[in-house]
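Presented sequentially are two complexes of chain A, the first with chain B as partner and the second with chain C.
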Partner chain A sequence: MTEQVMTVGSVEEPQKESQARGGTPTWIRVLRYTAVRIVMLFITVVIGVYLTILIANMGGHVDEIRRAQIREHVALMLQNDPTFRALPPEARQKRIEAEVRKAEKRLGLDKPFLVRSFIFLHQALTLDLGRAENMTSDSGSRQVRLIILERLPPTLVLFGTSSMLIFFTSLIISLALSRQYGSFWDRLFVSLSPLSAAPGWFYGIFLITIFAAWLKILPFGGMISTPPPETTWEYLLDLGKHLILPIAAQMLTSLFISVYSWRTFFLIYSSEDYVEVAKAKGLPPRMVERRYILRPTLPTIITSFALSLISVWLGQIIFETIFDWPGLGRTFYQAIQVFDTAVIVGITVLYAYLLAITVFLLDIIYAIVDPRVDVGGVQSTTA
Partner chain B sequence: MLRGAWKEIRHYPSAVIGLVIILIYAAISVYTVIAIPYEEAVRLWRGGEDIWGDNPRLAAPTWYNLFRKKKLPLTIKMDDKHPSVKDLGYQQVDDDLWVHDLEYAFDFQADEFPQDVALFFQAAFQKKAPYVSIVWIRPDGKEIRLEDLSIRGQRQVFLVSQAQRLHKKLRLPEGMDPVVPLFADDYKSENPQVLKGTYKVRLETTLFEADSTINSKLVVYGKVHGWAGTDHLRRDLSVALLWGAPVALSFGLLAATGVSVLTMIIAAVGVWFGGWVDAAIQRITEVNMVLPVLPILIMVGIFISRSLVVMLLVIVALSIFGASIKTNRAIFLQIKASPYIEAARSYGASDLRIIFFYMIPRIIPTIIPSLVLGIPSFVFLEASLAVLGLGDPVLPTWGKILDDARVNGALLQGHFYWVLLPSFALMITGIAFAMLGFSLDRIFNPRLREL
Partner chain C sequence: MASEQRYLLKVEDLVLYFQTRRGLVQAVDHVDFHLGENRAVVIIGESGCGKTSLTRAIMRLLPRNVGRFEGRVYLDGEDIMLLDDEEFRTKIRWNKITWVPQAAMNALNPVIRVGEQVAEPLILHRKMSKAEALDRARELFQYVGVPEAFLTRYPFELSGGMRQRVAIAMALITDPRLIVLDEPTSALDVLTQANIYNVLKKIKWELGASYILITHDVATASELADDVAVMYAGQIVEMSDAESFFKEPLHPYARLLMASVPRLHGDEELEFIPGQPPSLLNPPKGCRFADRCPLAFAKCQEEPPMFRVDGRMVKCWLFEDQGEVVIREETPAVAGD
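Right, the complex of A and B next:
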């Protein structure tokens, strides 16, 4: 809910172990570290996806439901067949069994669930997302890949815009506030930070109540009016109108806490001795800020930025449901409701891969921007 | 350190406000659980038409009237034993024909029309069902014969809003509620006003058997009800709003405490034993941080169980290997290296003794702020699940009210109280814990205190 990526005031880990390893050449350590990291992340993804497969199939229970459905379907089909009705009861039973077995084989249901679960896992990990069971994309396709691709842009538009806005606004405001610590605005933002206790969808309900239901100046939800406007300009204007409330709701829940924690973070760093020295030397405040405050806090800023970007991908299930936003989160929820395992697993595996890649890239970026990080040492577990 | 904290809290006004609100909530919770025991709450919330049939549908809270010039009516209900019901006489007309007249009277002073008028009948007879004519008498003396009907069932209802024959008889324009001509000064005018005064309903009963009886009840459904209003099923929202408090508080408290304490113990065990135990815990944490919590909860809710207890256990299980294990671990690593642990080890203290008596107590002050800050997030998590239709199937909670309101289009139809009351309850809980938590953070985190 809140972006408490920064553990303000936490104690640094002792770095004894890393010094003990000084013997091996750096590039071997980097290589070994990278390999271990990739393997670990891959195992993580595998476990996460397998768990999702298990839960989405209710540990094999969905297969039982499907088998019962097939049997019922076959029995119904055969009832309408006059040659079948003419058969003696035993032969009828045999015929039903044969048809059921054929249908089960076609769907792969003849194998036990444990075997099937690993087949699913393999397909998911190789991004062979397969076909949806009940859902279709707006263009009518059953390809999970197409369903996801169709739903992704709305999610990216909404959460991309709001994350960027929140990230940069809070960074700028918090820098300004840390400069004028104790001022009216500073105290205002600090006292508003408890607003983050409520999630975005909650403010969404409030904002819809005020601006859509009561004042009737903004739409209740959705992304585009029906029928959609003709010209590109009007289309964008309409989209903008639909974006106002969701983005405002996101702002209410994250902006103040974000400003609060960044401001505290900057304040802690600006009370360091070297900053005092720089100030005493008479360096201009801008320079002190850039070189002595922003530079050492860069790794944390990057982490927070990357994690806020990654959260964009999955969207927010409830948020999109409240605002009726046709994005990935709502699709995920719909897929769960209609037991569409293929879509659930497809979205999860994409998310897991993206998260793993981000975490891995963060490790490398950390090593580049933060000279204190000793690659292969204890500090490396920054995820 | 803990004792000092109590003294210090008094210097933080936001902490005091937060604490007071939390205590008020706790008091409300205790009161609710005693005044409306669990079984009673479930009966009131899931009981059926018998429980809430006399409540108006979608009525606003009574205090709405404080802000309105045109006052909304309250519900008026009386059965035939009510003192203001006049018995106009019981007499035998023929061998097998008895006549019994009753007259209900009630005073109507509101400025708005009532929602509906209903008459409930209950008849006892052997072969031939009794017969009732309902006559409406307005304060201006005008009489309207509403309906003639024979009472066959145990619970037969006559609803004015659904009286087709009356609608036809009065030649009302399409879409006009038959309630209006009963109460309006001039229903043919453009803007009919309510005629205030004493209304009467005469029931002319014809009985065909000597021991045949008939019981009746009059309900004039108002447009306001209680301090919380009612929902689409006529249920009184105050039950759910009151019961939401203990449910939310205990859910948040249990989840936050469970997660904080277990995380702390796991981190301590990992640090103390080190080696593969520590490595395993670290790896599990990394796996766990990739797992999307809410989707898993939704899947559990739909595929396995929606019970609040199951949800609580799953939430705790998914959260104990969270990011805070890493923070705790860093602190424990320092503690492990400190001399007094060395001393404990040298006199032969057991592993468990060192972990639970020497390591964990040191870290408790740093845990408390995050515990308090964690409570609202779990309260809102429960509400989130409820809003997705995955609330507990039995218990009334704030989230469930919000879900009902959303699904039934409360905002589109302008039933703001339905959304705003549970929202405010959630909001104030969240902000109270957040205010207390932020202040505690400043008290227990010396680096923040100087700021």
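Right, the complex of A and C next:
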């Protein structure tokens, strides 16, 4: 069995190339890939935040308005000053200019907008947003950074649990449905997929009405009962109880469309030639399903899941407000109501970060499940 | 006549119909054929004539919409149609019959290393350890001309020709009695095709495997073939040894088919067959080729039986006087000796 092949040209590719590939260990390539992804995403965040700054300042026009306001204000103030009125016109003009310059310097308006925009950018990216105008954190601080960071964990708890649950439930159901394509359950899920046309908070209102107001078995909203339970067990149990309705609402809006599209992905991938080969190889059906249908389909599913996660982030503001969930979304809504600009800008920046982190994590998972993602190794050169 | 043990594979009265919205599609319609030890049968015919369905019926790789599936398939004298699905999976699939599918380029799972995919059947059917199985895969890679280092590569890192060789290595891994090749080279360039055929010839000489080879490419197939079966509209219309077939095909369809194969030198115009093959939904009652046949006569309105002419078999009324009718239970020994 080990005879050399004598046919001419049977070895199409030189051995050298395959050795070159073993040059860098996999973990270094993965590390390099990770670093590149982080840098790319950070640049994206920077661009996004800078655009927000430009738009919020109307490209520097806001500075002009404020300068004009300062000049008017200074002139009015000086008019009331008897010593000022006694001055000759030239000296009066000089005095006005001096006062305007002082006021502009105090507000940083003496620098051109371009420079100021980069100072804003630096402050925004480091969440150095100064003090809130009206809002305080639960610990009583007015620091915008503290207000925001205090609100982050509840949002992550809700978002993380519901996303994970939706992902795995959809995966299991869609795989089961693809096995019995055309059955009653399959048709049921397909026909329920338009439920996803309405957002999560819409179902939230109904669920709260039914389970909190009418049946009185679940809380109306919030994350923890008052007063909070004392032992960790009871605390977790209480948290779980408060999570049921928000997660159910999120499921109603996401589950059916995910199951519908993922089941279709599975059906497409299960008609690939290599699935037939796997069956012909005599692999047991469950192994065929796991190695030859589920694994090749995962990259596609993760892409679809990533897109849905991004839209969930965007819906978080109303969603948390409906469920009175003490997270970032509700705080954002409150900040808008009290015109707390610093908090609004801060949460916007944090959202940019969270989106970037979500995308980053999905990128890494994608690279793990799909070897075709080039993680920076030697590019294979095959004809 | 010949005892069944003389054949490696004997297919009798095999039927595979598909249920569609418009009715039953008769993809494989009462097919008989046989194959001796260490021989290669080439099945030729137009697209859609049921060649692939025939091999799928033998491998029991059936789609959901099977309308009718019956017949007898003897492998080493055992009727494998009687096995239940689980027995068929563990005893036949990749133990005795392996398969290189149409477009073998796509026969490999894109997210699993090719070495693992090739070694998989050994781990499963022969209970080998992964290391042993990979060693065996390495030997086979050498044998079919794939560099060893490719064991740890993914399919997308291999060229089309290399993937084809890997698919063939995979079909050899369990030392099967029978390898089914469904157009193994249709997507490749001429040079690579020639290389693959050389590998296949070598396997037949050295390892004693038997082939069922499906192809449109009559010219290259003629190099490998011991026997030829011509399929038309779901039926085998001629079965004969390769030498006499390529010299002089008997069935009018086979003659026209061979006349339409281009030759490198020679001035004769290429012929073509007017018309289209009949729909397999409601095929005509008599001979299915009658409408396109230049030699058709009144009797062609009845379905012809298989006639045996000089040890060859042909399903055409033209040979009524020259041959005897083949009765199903005693298929003559065309192949196998």
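The rule is short, and it goes like this: the second predicted complex is superposed on the first by the 221 of 383 C-alpha atoms of A that agree within 3 Å, B and C clash if a C-alpha of one lies under 4 Å from a C-alpha of the other, contacts with A are read in each partner's own complex, and residues count from 1 in each chain.
Throughout what follows, a residue touches a chain if its C-beta (ideal position, glycine included) is under 8 Å from a C-beta of that chain, and two chains touch if they have at least 3 such contacts.
Fair warning: this is a prediction, and the values are worked out from it, not measured in the lab.
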item: More chain A residues in contact - chain B or chain C; value: B
item: Touched partner set for A:Val369, first chain B, second chain C, both or neither; value: second
item: Contacts of A:Pro296 with chain B and chain C, given as first, second, both or neither; value: second
item: First, second, both or neither for A:Thr321, with chain B first and chain C second; value: first
item: Touching partner for A:Glu276 - first (chain B), second (chain C), both, neither; value: second
item: Partner chain in contact with A:Pro153 - chain B first, chain C second, else both or neither; value: neither
item: Chain B versus chain C as contact partner of A:Gly222, first or second or both or neither; value: neither
item: Doubly contacted residues of chain A, that is, touched by chain B and again by chain C; value: 1-2, 7-13, 181, 383
item: Footprint of chain B on chain A - complex, ascending; value: 1-2, 7-14, 40-41, 43-45, 47-48, 51-52, 55-56, 58, 61-62, 181, 191, 193-199, 201-202, 205-206, 208-209, 212-214, 220, 264, 267-268, 271, 314, 317-318, 321-322, 332-333, 336-337, 339, 344, 348, 351-352, 355-356, 381, 383
item: In the complex with chain C, residue positions of chain A that touch it; value: 1-5, 7-13, 15, 18-19, 21-22, 181, 272-274, 276-284, 291-292, 295-296, 299, 369-372, 380, 382-383
item: Touch list for chain C against partner chain A, complex; value: 59, 61, 64, 89-90, 92-95, 98-99, 101-104, 106-112, 120-121, 124-125, 139-140, 142-145, 147, 149-150, 153-154, 156-162, 167, 170, 191-192, 195, 198-199, 202, 206
item: In the complex with chain A, residue positions of chain B that touch it; value: 14, 282-283, 286-287, 289-292, 294-296, 298-300, 302-304, 326-327, 329-331, 333-334, 337, 376-377, 380, 383-384, 387-388, 402, 406, 411-412, 414, 416, 419-420, 423, 426-427, 430-431, 433-435, 438, 445-448, 450-451
